[in-house]
């Protein structure tokens, strides 16, 4: 088998490895879906997928192309609606949530609403969708981003989805549920967590071939660096095999 | 056919005649159910029955014995739950509601909670159940009562379900939806409405053989008397036939 | 924008909040609930033993003698556990618990015998003070309190209860709406310590289907710290997966699954069996007096070890005659 | 008890309330809705002609390219009616309406092309100011706004949106909970002038069934002044009565019923047909430019008189290949 991998395959494997077994993940279309499916087949057989418009515990025989897709409730345990899912999240039932966006800051706040002034935007983006809800109510959110200075910014144009807002205690002060918030950021350069005290983004592991300098150069804010930055393993042969042959055999996301 | 009738049969016929076609009625167990079923077969084929725990538009082939009974959703158009029904009422979808109680006052307020002090009751009654909701949200409520001075009181011990509270404008002042409230009271003595200005109970028609004096003597508050008090027709042969042969052929409520 | 406006609280019910609202603790508990597909099959006795404790705030669904989780109710009475607080929207199951004198506080909406009127057990326990605290609600209000909990929010607004003594003896608060200026009653969320629901069918993990009306099963199942399900029938998870839109209670809400055919006896169960009218009529007589009720409880609850023993006592002929 | 306490309003979103809340008017309207079992079958054109007018606040269910009421959307565009205000949780149907430049104000949560990214139509209409007012919400918040209306109450509380610019640009209000002291965002009820939903099957009166996930059909259908349904299949009322627990939208909510197989084309419909990927890919190219979008609208909307003409143009072979 070809063990070379493309950037998406790396992101999928990194995101997949983060998710623990025996819990729930709120899944958006694209990489999170592939990552969850891969995790189910690698180390987390009891990771339950939850889709925004009502599908819980589907068997992902064919990869969904949208969060309301028929495949999101294929042989599912429960097919309900968006309120049931969002209320389950608000009640604390959903562990992981995946997020993306056009801009992110050091506190993990995300912008998917507008570039420039929201009232007269340079670019009108698709909006919050479920992102704000996921970022408000899931216990641990994982952002998957392309890493460059235009995206990793000191000050983003609009906080669509709250991360740690402006630091420790800010989520709680705003009224968000305690002990929730950004958990990891996965990018083409590495994996990041948020330092306990400052709640600022911190590099914890680098992707194969990437340097700390490269991360700094591509980040528009001062990025923290963990004491022991590790290197992420590249996708293993087993991961690639499952990903290509079982998770996405039709290559929908390749 | 025997055209003699018992007191229940009279109440059923009186209540039945009040309901118009083409609308909805929130039905409790017992007389309201029989009245609605009779109305459907006499003059209101499009009277839609709604039961508290979720049945809408059932075909009442067998008479239900309880508001959560399987028969309340027999061949129904919709079987949902109590929230859906109560929210439909709160949105204004339910025209008629039936009520009962141990005590009623001149403004149609009803007590089904306790005789005496509610904190140390002489008799603990079954409580509001859906009565308060029906009395709050349905457009027109019809109370069916046994008529005597212990029940028709100047001051009832507890307002379980609001009627006109203490007169004109009081419902609106309390925050209840406008243009709702008691519509008719049907008793073994006659039928009553509520005078437009004072919102006090008023005799509008007497049951066969009953006199105005009898009504006054059995009412614990000053009862208004309409200018032209009519006599209610006794149950017709057709009504009795349908009631006995189609509505309640097993005589469950006889 | 920040501002210094406020919403007037126009009125506060005198009733106490029998069960405190702690949505953050509820979140933590829901986070820890088992999400694995592991069998939760157990007996009524095991479920009551593991998940219920003295003083718990409990609740039952549905209403009347229909789809009531009676086999679990009888197991509770036999367990010796007591001093419960209760969401009082019930008929037969709550009547037995009151008869056995296990209830101390009630959020009351309706406890009675429907067409048969006032319950002797309710009268004896409430009038004597055995039940020491009663707070009043309407059916919709109590269900919306579950709904608030099921949504993970501390209250829901309503137009019900306004202008009544039911409101006065509740723990609702009346405010002026900040959007419309109208008056509204705010109903505090109600989270059960343990909830009990009987369903038509479930798999061993607790994915449940209910036929016909669903009462308040959706809302209540999502408002429980612990949830015990009894099911007329246990089915394969494959059958759940064939019709996922029929699942009304997903497994991750459930702590115990009990296989209990005829669980609602002497009441009825949609698509399964009719009401045992003879037995119920006998019960109606018995519950009128304390002595009668005690005799009833001895014969039909205490003297039987479990649900199977009850079914044996009722007898196959009778049970068959009730089958739909 | 009466008192002089109050709840502080800590924060108010700057966004405007695009659609006013009048629950009493909604009650009056719901009271007058036809409760008779009378056929409401009509064409898309007739439904749009009778129930929609310029400037109406409209909304569509579901989301993405799945079960979208596209045949009704195309009829709206052809009708010449315009200047709509919109609940912006949509993809393909809203994209067409924006392309046709019929939308002036949006309660925005998500309008985009999902995995395919930002929509050219959204960018052109919002950045140019053709859409003159945009108010921000999250998916859950917008749905809970429908839910509030469906419950007949003016707001629902939530923990979502707090601490974000989404909140700042919304019309929500943040209060301190009178029961728990925690901060909550209050979401104002949202009542649609006209709602559009596509379902798997309906009877001629408008009793509707949906297979699989139900998105926000339950809530939205109960939050409409007028509701137009299109259905893949029209079935007998007897079949509705055989499984009343499958009815998700009862007839009395519905004003028009349109029989429209393949209504969601080029999107997919659960249990009926797959997505037309070829056509959708072509669309993705077209929508990138104003010229392309206009060409698309001319060929696939304006130049066709009705849904049947569209199906004829797609052709039986293609349609058959999409059938599940």
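The letters A, B, C and D name the chains in turn, as written, and every chain counts its residues from 1.
Here is the rule we use: contacts are C-beta pairs under 8 Å (C-beta built on N, C-alpha and C of every residue); 3 or more make two chains touch, one makes a residue touch a chain.
Keep in mind that this is a model prediction, so the values were computed, not measured.
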Common touching chains of subunit B and subunit A: C, D
Approximate Å spacing (C-alpha centroids) for the pair subunit A, subunit D: 28
Whole-Å separation of chain centres (CA-atom averages), subunit C against subunit D: 36
Subunit A-subunit C separation of Cα centroids, rounded to whole Å: 39
Residues within subunit B bordering two or more other chains: 55, 73, 79-80, 83, 89-90, 137, 177
Residues of subunit D touching at least two other chains: 23, 151-153, 158-159, 182, 184, 212-214, 244-245
Pairwise touch network: line, ring, star, complete, or other: other
Complete list of chain pairs which touch one another: A-C, A-D, B-C, B-D, C-D
Footprint of subunit B on subunit C - complex, ascending: 62-67, 88-89, 91, 108-115, 117-119, 122-123, 126-127, 129, 134, 136-141, 143-144, 147, 158-166, 169, 174, 182-185, 212-219, 268, 270-271, 275
Subunit B residues touching subunit C - in the complex, by the definition given at the top: 29-30, 51-55, 65-70, 72-73, 79-83, 86, 89-90, 113, 118, 120-133, 136-137, 158-162, 165, 170-171, 174-177
Subunit D residues touching subunit B - in the complex, by the definition given at the top: 23-24, 26-31, 33-37, 149-153, 205, 207, 222, 237, 240-242, 244-245, 247, 250-252
Complex interface listing, subunit B residues touching subunit D: 21-24, 46, 48, 55-59, 73, 75-80, 83, 87-93, 95, 137, 139, 177-179
Residue ranges of subunit D touching subunit C (in the complex, touch as defined): 1-12, 14, 17, 21-23, 151-159, 173, 175, 177-180, 182, 184, 186, 188-189, 210-214, 244-245
